[in-house]
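What follows is a pair of complexes built around chain A, which joins chain B in one and chain C in the other.
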Partner chain A sequence: MTKTTPFSIKRRTFIAGSGAAALAAGVTGFPAVLRAQAPDPVRIGLVHPVTGFIAFSGTQCRAGAEMAIADINAAGGIQSLGGAQLEAMLADSQGRPELGASETARLIEGGAAGIVAGFSSAISLATTQEAAKTNTPHVVDVGVADDIVNRGLTNTFRFAPGYGAVAQSAVARLDEINKAANSPAKTAVIIHEESLFGTGTANLMSEELPKIGIEVLSVIRHANPTRDFTNIALQLRSLQPDLIIPANYYNEYVLLARTLRQQRIEAKGIYSVLGGAASNVQFVQEFPEAAEFIMDCNHWYDPNSEVALQRRAAAEAKNLFYTYEVFCAYNAVAFLADAIERAGSTEKEAVIEALNGSTWDNHGMPYGPTEIVNGQNQGAQAVNTQVQNGKIEVVLPAEFASAEAVFPMPSAG
Partner chain B sequence: MINRNQLLTLLIVFAIIGTAPFLITRESTLNTVILILYVALLGQAWNILGGYGGQFSFGHAAFFGTGAYSVAVLQLQYGINPWIGLFIGGLLAMGVALFIGFASFRYGLRGSYFALVTLAFAEVLRILSNSVSFTGGGVGILIPLSRDPANMQFANNVGYFWLIWALCLACFLTVWWLGRSRFGAWLQAVRDNEDAARALGVDVFATKMKAAALSGFFSGLAGVFYAQFYLYLDPAIAYGSAVSIESLLVPIIGGMGTLFGPLIGAAVTHLLAETTRHFVGDVPGIALAIYGLLLILVVMFLPRGLISIFGRIGGLFGSRRAADA
Partner chain C sequence: MVDPVILIPSLINGLTTGALYALVALGLTLIYGVLHIINFAHGALLMLALFGVFFLNQIFGIDPYWALLIVPPAMFVIGYGLQRGIIGKASHGRDENILLVTLGLSIIIENMSLYFFRSDTRTVDTPYSFEVVEFAGAFLPLPKVIAFFGALITAGLLWAFMSKTDLGRAIRALAKERKGARLVGINVDHVFAMSFGIGIGCLGVAACLLMPSYYVNPQVGYGFVLIAFTTVVLGGMGSFVGAMIGGLIIGVVEAMGGLFLGDSLGQFGIFAIFILILLFRPTGLLGHKA
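== the complex of A and B ==
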């Protein structure tokens, strides 16, 4: 007779149990170890207009975002998630808000931990709203409309400045440049594309310019796309403004600048606000004469930052023009990745909390560490650039300047 | 008999579509169904005038945009609830359609001349909405977020699904009625031979005007839905040529002058776009290229649209020949 107690274990039972446990570990435990060594990738949804009328900018955004993902993966991925690699989920909005929204929904369903979108303001409004339905973190890369972050969506963040802040900076710095040259500019004409970005910027400039003593002679709107600026050039010849202020996308900006040169329209300055081409390396390289001395208040990196210069060199090594779309999208992805790193999770609430508490500073932009209020990075600012001798130089603010502003611009002769 | 079968088929199809919120758990898939219904509504609205009436419009954006702007402006500037705005938007779009119709049909414009006039009106409205302040100009109109069914805004896609499902069903039932009513017969007579119809005593002008009114009304409803779904409008979205093109492409691909053509066209084009995006989405523009290829193939080999594939079953589904009979 064998005496047993409720907690006694027989030798055979122990051996059998151990064997079963070892088998179970063999079946399930070992792969668990493998999983720990190769954690699940973190998916980032990238929604950009890579076809349609703003395809150039959308393609540049996508390239910048993919560069960021490649760099973060090369540096070991998300360390707090065991080195999880970032994986890009690509989508094309075709420049249409409704497609941007449906693609955002598709990527979120496909497991995107966060969304980076959508270049244009109208598309960004749609993608942020769609992501808000599932409270998915969404970082806007370039869309500048202030309403994107002002309408109470708690999932929505913007690393770069909105056009309200950009327009205020643009006017204040124009005043500074003008006064430093004994105020030669007294009149201006604003030429803008007809959508939210161009119209919003033009409205703000129209209100603010008279406050610094510059009369707005005319506000000229054009459609997207516009393929002939001759009539607008003739209007400018008739109005003879001291300043020409364009706010439009890349293709139209290039055409406008070339037409002004061909028609020999001269002014004391061409001063862009978020000019699609004025701070664009491709424009400066391909049309150096048309670009010379054009000033722009736009997204631009800190020319004194080693991080920024290294990224630019890396982009150019890949034959990529280092335009504002590239570094804005790059930083939007890196900003999101930093939040995932600090959250140590892809849980939406945790990532959103990490984005709200972000103090990220490895961006190479003239912003300082991030400080988020209602989704907007408070330190984000545009800088003033000017094309001088075929190079894009930062002329203001003084602490980031690589050259002094040339104003009034010399006659083309 | 054919019409009774059509009605039964229509109700069965919409009943099947109505199971979507219960069977589909993925929000993005339900979103695709919503977009298919929305485009089917646009296409069916165009089909009333273009497919059944033979009046090819290139400017249905004029009606769509009017409906969209109406609901947005009414709720933002006058505090009018969007459920009321839904009908006002539809009626105002109908008013625009009657105006354009009067200006065109009164002076006997048809064919390519009518198409150009409608295109021109849509462009005029786009430019006007860019210039006047109450539409927000180029900045557009952003409808504030207020996720409450009372404001025709829903927390998830299920609410939007039922809204567009109901609008679409109403439009399709109207078109079914067209196929069996005396007015529908007059309309098709005008389409097939205007002079012969007039000789038989059909009031051609009044018939076209009624078709334009119906078509404009449903396009306007589609515009209202768009405004409430995406909550943002600008002149290019509301009155841009993309809406006009989508409105006419869907019935052309599916089958003009048929009850189910716009639904088939919308489903096939959207599912094709989704599929190509899924498999080759990383290649920019490939989905658009396949879309274009499909259009070319349909025009070349299926001039009566995809619905003609159904052959004998086409009679049941309401092909033009069957409807004519």
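== the complex of A and C ==
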């Protein structure tokens, strides 16, 4: 005889009951759980030089890219993928192209749906080439060398302008500024860092400047890092150019500007092209006197755009200097995310097709809607800025200008 | 063609830059030249000292030159502690271990700086940052002139310390014959740590004199450490006067190289000298045979 209690359950009863419960759950409850399950995250690989000689710029890029990911996720993620959240996969190129390439390969193997990289031109050349092996969509954030998009890599896109377009704008606007002041500038010296970005920019400028009647007296190349710019300042004193045209990274730009001031070197204008510090809020805040009246043809946001101003305020609320690296990387991620949204898929071919057909305009840049030809955004352009009263003002093109150019620059006295 | 008018100013500028290199190399010549410790963390510790000067200025408003009273003693304590607590214990007296331990230390210090201070480049703005002294047609930045004389004084003090004090004599004894020094009652571990501490303290002096004309970020040490090793080899291992002369020569060679070969190739001359010294005078200019 089996002894039972009111709460005892026989083995056979338990199994039968469990089966029924499981069946009931299968019919009713479980699908509800499946419906509530979050979609797989979309992984975006971010490859930046967060250590090494250009770590400042790399860190700024990473911060901008992460801000974009946070904003997109906060706005509901990728709607066409059921609200899939973006997930950053971080990598450090250490400022070395070969490491950038190997890190890109690692992120792609780890499931990155797209890559945003790599700040410097040399690194971007390597990361895009690596991503091309698997046809993984790759958006270059800052790298300006024209070869990045001129090699026929179908996976490679650039939202911002290349140095060919920047140099042409820089020369055309310099001509405009110079002529407006009765052409006081007739000679120039170009000072550039020795990597692909500086050398390429300097070559283009030295070809284009004579066409607007400005003789290039000398093209001076320097290493990264350079500890002392006095020699270069002495050469400038000897050559006495009307214009000094630097194209270098932040640290060297700061030292150069300080040395020019210490050595009492004066010119009618300091006109940077993609200058590492001239459009940098940190430089202007720390050295307002050395920065005053320096002009730069560089990446910059539309000062009349609400979107841009809100993003700047959000970045500054995080104690971030709102440098061009931040908004270029932000927009590179947002440009890629927009393509994934429209593709409704993370399939590489679908995303690439969506990037090619992009007409995205929520970027706050003076570009207009995106129009991609051979991977390059055709509307992308640099603007001319000038430091005036400790503020970075846009002086050209006129439709985006917040102030008029001051040229020749007044003597420091 | 180089304008002869800028030759003399460039030469003088090379001397002032060379004095900065000598300052960084003075500590190294004690550590590397006397104790034969290849301190790969030298650049990272210089960076730490520069950050110290920077934060003292930003938080407490202390002028970099007043920081001479704080940063060098603090760096001495850090150096002493590192040698006594980490390098000495982890290396077990083997040179190859010391090399790896200091390399590891440099990676840790740099990455921690990157984490805590971020990669921003920082500078200090002082009332004299843009002051210049006119000399022989050259505009010499006042901070570099001060650094030049600071380097001379530091080299002189170190020379006097090593030759006139008991501790200096103990350090030299240790460098020549470690076992013998122990036998005559010298506390080897303590003297080792004192030497390392003094060497790192010199970096504190260098940081205070460098900061008004330079910048700091977590990578700043790289630019100096290779030059410092070259200076020590050129001047002669363990010779403070040699380090001073070596630094000045390197500064001038770099300046002249930059002028005649272009700034991108300015360092070519430095390393050409390095190789020539190793080939024809391996003991350096003022060094002695081991």
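In this text, the second predicted complex is superposed on the first by the 378 of 413 C-alpha atoms of A that agree within 3 Å, B and C clash if a C-alpha of one lies under 4 Å from a C-alpha of the other, contacts with A are read in each partner's own complex, and residues count from 1 in each chain.
What we mean here is this: contacts are C-beta pairs under 8 Å (C-beta built on N, C-alpha and C of every residue); 3 or more make two chains touch, one makes a residue touch a chain.
Source: prediction; values computed, not measured.
When the two complexes are overlaid on chain A, chain B and chain C occupy overlapping space and clash.
In the superposed model, A:D147 makes contact with chain B only, not with chain C.
Of the two partner chains, chain C is the only one touched by A:R237; chain B is not. Touch criterion not met for A:E393: it reaches neither chain B nor chain C.
Shared-chain residue A:R221: touches chain B and chain C both.
Residue contacts after overlaying the shared chain place A:A55 against chain B and chain C alike. In the superposed model, A:L255 lies in contact with chain C only, and not with chain B.
Within the superposed three-chain model, A:Q263 lies in touch with chain C and out of touch with chain B [touch as defined at top]. Looking at the shared chain after the overlay, A:E286 reaches chain C, while chain B stays out of its contact range. Contacts of A:E194 after superposition: both chain B and chain C are touched. Only one of the stretches 109-117, 181-189, 235-243 or 271-279 belonging to chain B overlaps chain C in the superposed arrangement, and that stretch is 109-117.
Common to the chain B and chain C contact sets on chain A are residues 50-51, 55, 59, 194, 221. Those residues of chain C that touch chain A in the complex are listed here as 3, 5-6, 9-10, 13, 17, 110-111, 114, 118-121, 123, 125, 129-130, 132, 139, 141, 213-215, 217-219, 222-224, 254-255, 258-259, 262-264, 266-267.
Residues 26-29, 31-32, 35, 130, 137-140, 142, 144-145, 155-157, 226, 230-232, 234-237, 242, 277, 281-282, 284-285, 287-288 of chain B are the ones touching chain A in the complex.
Within the complex formed with chain C, the chain A residues making contact are 50-53, 55-56, 58-59, 194, 220-223, 225-228, 230-232, 234-235, 237-238, 250-251, 254-255, 258, 261-264, 282, 286-287, 289-290, 321. Across the complex, chain A meets chain B through its residues 50-51, 55, 59, 90-92, 94, 96-98, 101-103, 105-106, 108-110, 122, 125-126, 129, 132-134, 147, 151-153, 192, 194-196, 198-200, 203, 221, 224.
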